[in-house]
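Chain IDs A, B and C follow the sequence of writing; residue 1 opens each chain.
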């Protein structure tokens, strides 16, 4: 996370062959790249882009589930859901911190999100239409996320890898609670079971698409793998997810909405049908069911908060003028105990 | 209902309703750190509500569980103070509502730790720690907003004026509180009012705010006579549960 | 998830700069997991002042009882060593500082 980019930060445009060689050697030796190390500009930009997208995804990802907090069917579910959505805000925060070590501020990144100049995962542009979606999102979307994030705990950029370790630890309950919701619905009334099937029908394909375009068409996967930012390709991760999820659906007694799905005993994998990439690209380009609402909600919260942030800054300025040393030490006993 | 059950439900409902309001704010706060904080506070209140409902369940002749209390009662059966059902409004209104509630709950729970009723004392012992943290946070915001910009001062002043009459409802005392207080079970709201007043006076002074001298109290929540806002909050909260009678979630 | 959204038209790359300050400054957070342990760097956050930073640190970094105490330090107050100096600063080898440097007969046992 932000391990300080403050003094004489190394934003180096040069392509000094020695530095490049040192960087390459570091990656080859599976050592982490740390904030103030020299790194190729392209690596820095790729890293900023990916961490920012990840952070934005967590932040926007609060909305589809936040949509059901006030209507959760029991107090226990309400508490779990609030805690989960809160975790997502926390994860966004860890990730923005990691991005900040690369020399961009969170406010700049927020602005890029608000103005559509940076993207977030398209999965959050689908609506949550029933309570079963809380189950499906936890089970499928978080399941897909974990597949990806476990890989990212080994990513080459140190602050990103450390944020991912923390996030993976915290997320372990997210998928389980989602699956438990599905399980309860599937053991419930006919209406509840229908709700669960409907949610699976709507979330299955978007969850597969979350892994990104097929390797053959994914131009930047190769570079990301070479830099050890990504350590497995989109298709590899997608296959891993399908293999893991199909048996889970069977336990629920739900049908995966793919007529082409079948077990390939020889390969030891499930074969699955063609993803509708046209739909995927539409959503990425901003024409998903909720793209506009998600950004509008986020932008409104930020704009509505402007006067609050100004007030806080103003108060701090005044308080520090009144007594410059105030606020420097939190708890004297503690500070002394170092 | 026995007086004790009524009393416990009053305590539970304050917390559930404010938790519900805070739950509406997820992903809508002025910054990411506040989003996380508001969820913590909401979760604390929800936890307190559930602890009180669990106790109420034991006291209830019909043995209703926490969800039946939360989801099957109508507007006229909820016993929360009218303060907590007030809408979130802007950030100032949310923080002032929270501050007034915290300034009440800290001495309330503090006194309740000495209750003759062991269950209440135990719930309060946990809750008072949370309430102290909430009060620290909401006080800090009231001060920042009062002593911030002209706009924030204007907004926080308006929030205080709007919410003040509802704060009085927290201190409503009828036979339930008074009799239970005599037997050492309940906290007589009158006994904690001075602490509340002192907290408000101190924080408002730092925040350049004036304590309203408005004596009018918009009371009735404790006996199920609410403002119109609750009639919108409950249907939303209860809609899914009520659409599937008897279902397990 | 694949947060790795493929590039589309209209997307702009964020430029690294000298860390433009946002509205709220950045703070580094150190958490003591339990009594008897050091405060360890946990991450960072934004806050208008130290008091708020400490409270935010509690809310952000101790949601699962990860700590009994937090410190917050303005990120700008940290002066870090230069990675380019690493060899000069950290690579000086003094094997005789390590216990394995000394060979003792087995009869001596653990020492």
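Couple of notes before you dig in:
The criterion applied here is as follows: a residue touches a chain if its C-beta (ideal position, glycine included) is under 8 Å from a C-beta of that chain, and two chains touch if they have at least 3 such contacts.
Predicted model only: the values in this text are computed from it and were never measured.
Across the assembly, the mean Cα position most removed from that of chain B is the one of C. Just to note, of A-C and B-C, the chains joined by more C-beta pairs in contact are A-C. Chain A and chain B have centres, each the mean of its CA atoms, that are 34 Å apart.
Measuring from the averaged C-alpha position of chain A to that of chain C gives a distance of 22 Å. Chain geometry summary: the mean Cα position of chain B and that of chain C are 39 Å apart.
Chain contacts: chain B has residues 31-33, 36, 40, 144 touching two or more partner chains.
Shown for chain A are the residues that touch two or more other chains, namely 86, 90, 93, 106, 309-310, 312, 315, 319.
Counting partner chains per residue, chain C has residues 24, 45-46, 48, 51-52, 60, 63 touching two or more of them. Within the complex formed with chain B, the residues of chain C that make contact are 24, 45-48, 51-52, 55-56, 58-60, 63. Within the complex formed with chain C, the residues of chain A that make contact are 1-11, 34, 36-38, 44-45, 48-50, 52-54, 57, 86-87, 90, 93-94, 97, 100, 102-109, 112, 116-123, 141, 144-145, 148-149, 163, 166, 170, 210-213, 218, 220-221, 224, 230, 234, 237, 281, 284-285, 309-310, 312-313, 315-316, 319-320, 327-328, 330-331, 334-335, 338. Of all residues in chain B, those touching chain A in their complex are 16, 19-20, 23-24, 26-36, 39-40, 42-43, 46-47, 49-50, 53, 66-67, 70-71, 90-91, 143-145, 147-149, 151-152, 155, 236-237, 239-241, 244, 247-249. On the chain B side of its complex with chain C, the touching residues are 31-33, 36-37, 40, 133, 136-137, 140, 144.
If you check the complex, the residues on chain C that touch chain A are 1-24, 26, 28, 39, 41-46, 48-52, 54, 60, 63-64, 69-72, 75-76, 78-80, 82-83.
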